[in-house]
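Below: one structure in structure tokens.
Going by the order they are written in, the chains are A, B, C and D; count residues from 1 in each one.
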Amino acid sequence: MAKAAKKIAARITAKVTKRAKQITVFLMDVDGTITNGGVTLLSLPDGSAQEIKTFDAHDGQGLSLAHTAGIRTGVITGRGSAALQHRAKELKIEFVYEHQAQKIAAYEEILKKTGASESMVAYLGDDLPDITIMRRVGLAVAVGDAAPEVKRIAHHVTRAIGGKGAAREVVELILKSKGIWEEMIDKARA
Amino acid sequence: MAKAAKKIAARITAKVTKRAKQITVFLMDVDGTITNGGVTLLSLPDGSAQEIKTFDAHDGQGLSLAHTAGIRTGVITGRGSAALQHRAKELKIEFVYEHQAQKIAAYEEILKKTGASESMVAYLGDDLPDITIMRRVGLAVAVGDAAPEVKRIAHHVTRAIGGKGAAREVVELILKSKGIWEEMIDKARA
Amino acid sequence: MAKAAKKIAARITAKVTKRAKQITVFLMDVDGTITNGGVTLLSLPDGSAQEIKTFDAHDGQGLSLAHTAGIRTGVITGRGSAALQHRAKELKIEFVYEHQAQKIAAYEEILKKTGASESMVAYLGDDLPDITIMRRVGLAVAVGDAAPEVKRIAHHVTRAIGGKGAAREVVELILKSKGIWEEMIDKARA
Amino acid sequence: MAKAAKKIAARITAKVTKRAKQITVFLMDVDGTITNGGVTLLSLPDGSAQEIKTFDAHDGQGLSLAHTAGIRTGVITGRGSAALQHRAKELKIEFVYEHQAQKIAAYEEILKKTGASESMVAYLGDDLPDITIMRRVGLAVAVGDAAPEVKRIAHHVTRAIGGKGAAREVVELILKSKGIWEEMIDKARA
């Protein structure tokens, strides 16, 4: 195993590995979690503004591996945009909940739809509205630049900051805990 | 309290806390303060150019908490764009002054409208045109990458750079000084 | 030679120089390799989304030097966009293969078209789908922030991260190994 | 004087100050110099691509101060875009030369138009095509992340990287060398 990979492994406790092993559903916040937290707006001549979102290619590759491994994925966000819908479709993210001021209702609906118990769900977040869900799921992960309040209650904090590979890191954590990472990377597609 | 939070608290002097406690109005510059200072322009086929602005999701969450706590907010900027108007509306920022080559007139108008004394006003800025207002307000804060001249006259300098959580840090400073931060984070919405 | 240049030279082994000397064809992945890995989407009013890609001016200058030196270049990517086509045309990149879920077919077609042996081909990549080609080419280079699995099998890792001069660094490596870098920089055009 | 300001002053040699004192014309490259070097393209539905450029608010403020002080400014670039034209107009940059594969002709035309001797001209650049002009001007400055070949022949290298305040730093250097910086900052407008 390369030095960089060992270093990550070293930070992952046995407790976290045990939690990750159970995961079958991986849910994520959007802004600041699978984007870098920039809220980017293009001014249009008619006085309106259109939203630009920047996702991460490595995260995308990671989510594809998760799907290949049978993990179901979803996003729950307070905002909404065609950009997110486009990216979610492209990556085949199954659950897309937009405009959720309180995220807990969407979370519970996903629990029902998947039939998963809470110990089977992982959630990746970065800010205060993520805390309620993170207190309930089996594996609560905060991105590297999450708010202190979020890091404090997370089971694990990624080395990557939001929008720069944090979701990829969670997928790697889950698949390695299940012992199927090596098998999945041979199936990687561009 | 988590280590990261303690570290911030350590840097905040008793004098700054005392000033922050008085604040009821929080005013901000825009470019380089609640954006990263990039002036981004999209070329259009007709030879015109449209402005793109990148705000910060954590700043947005912070301003929502400020509003929940009854703090009134405003922006004063030398530029202007549909992007800013859209973001200000979305975040329910009350005062939006664009195209202000000299910012002091807008500042004085806000003083009149709110009836606040200058000791009740906080201002967050990054560059030379912010200095005049910053010399008058109760709490003058410079972003982490402000011009040296601005940092020199500020009561406090944020750890975050402009457009990467500096406004959030000011809100946290104000609400913690008032002893209502913990109460507000329980009310956070996405 | 300046200090910075020496430092780069120091990291390049004799083995890598020998490989680089043979190169006549330089192929690249796109996202995360000649872009920073951001997948940026603009929401449009009709609900569709358009892709924005950010390339690097220094990479562009490097590829121009490569062309002046007679090196043939190409890109192979799983995605596709007008932005990439525009940039490739502008830089006179000869081979542009988009929408390649498996990259190996495109690679083999380029081998046929150029008549180059595999030892004459360099490939720059950042993630799992690049590995198959990288195991075959004469000079396999990973960008500075490539996935650990990619760095592990590369002959060389650039100091620059993807989209921030990694391609330029490879061109410099090839032209210096051939002893024609100094000659080429005198021919640089804006 | 603040600590940060002293530190900058310490790096500026007497020789550079002497050169800066003579400057009446300040010319700049664009990509990688007054932008961060990203070549950003938006894909449009008709298959064309439009250019997005990101300038810096601090640079803009600096150029305004330069104009107030009577310094004439210009840009010479190998590319061209409505975004650049818009920004140049907004900042009242006098000379705008686009699509200059060889930059020297534009440089000589500006010399004629201004009647300035070469010792009165400062030039800020980042890459190989800037070298020819930089070998002739009175004050040749490289941005902090310029190519090694450019840094090597520059009289001065800025602490800031391209597109993040390098032009502002040059203006500050010139105005401080002339002893008029303090006077100018009092005239700053947003």
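The rule is short, and it goes like this: a residue touches a chain if its C-beta (ideal position, glycine included) is under 8 Å from a C-beta of that chain, and two chains touch if they have at least 3 such contacts.
Everything quoted here is computed from the prediction, not taken from an experiment.
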**Q.** Reference chain C; chain at largest CA-centroid distance
**A.** B
Q) Between copies chain A and chain C, are the contact residues mostly the same numbers or mostly different, with half as the line? A) different
Q: Determine how many degrees of rotation, between 0 and 180 and to the nearest 5, align the Cα atoms of chain C with the equivalent atoms in chain D.
A: 90
**Q.** Separation of mean Cα positions, chain C and chain A [Å, integer]
**A.** 30
(Q) Just the number, please: Cα centre separation of chain B and chain C in whole Å. (A) 42
Q | chain C residues counted as touching two or more neighbouring chains | A | 42, 48, 52
Q) Graph of touching chains, which shape: line, ring, star, complete, other? A) ring
Q. Touching chain B in the complex: which residues of chain A?
A. 29, 31-32, 35, 37-45, 47-49, 52, 77-79, 100-103, 126-129, 131, 147-149, 151-152
Q: Mind listing the chain B positions that touch chain A in their complex?
A: 2, 4-5, 42, 48, 50-58, 60-61, 65, 81-83, 85-87, 163-164, 185, 188-190
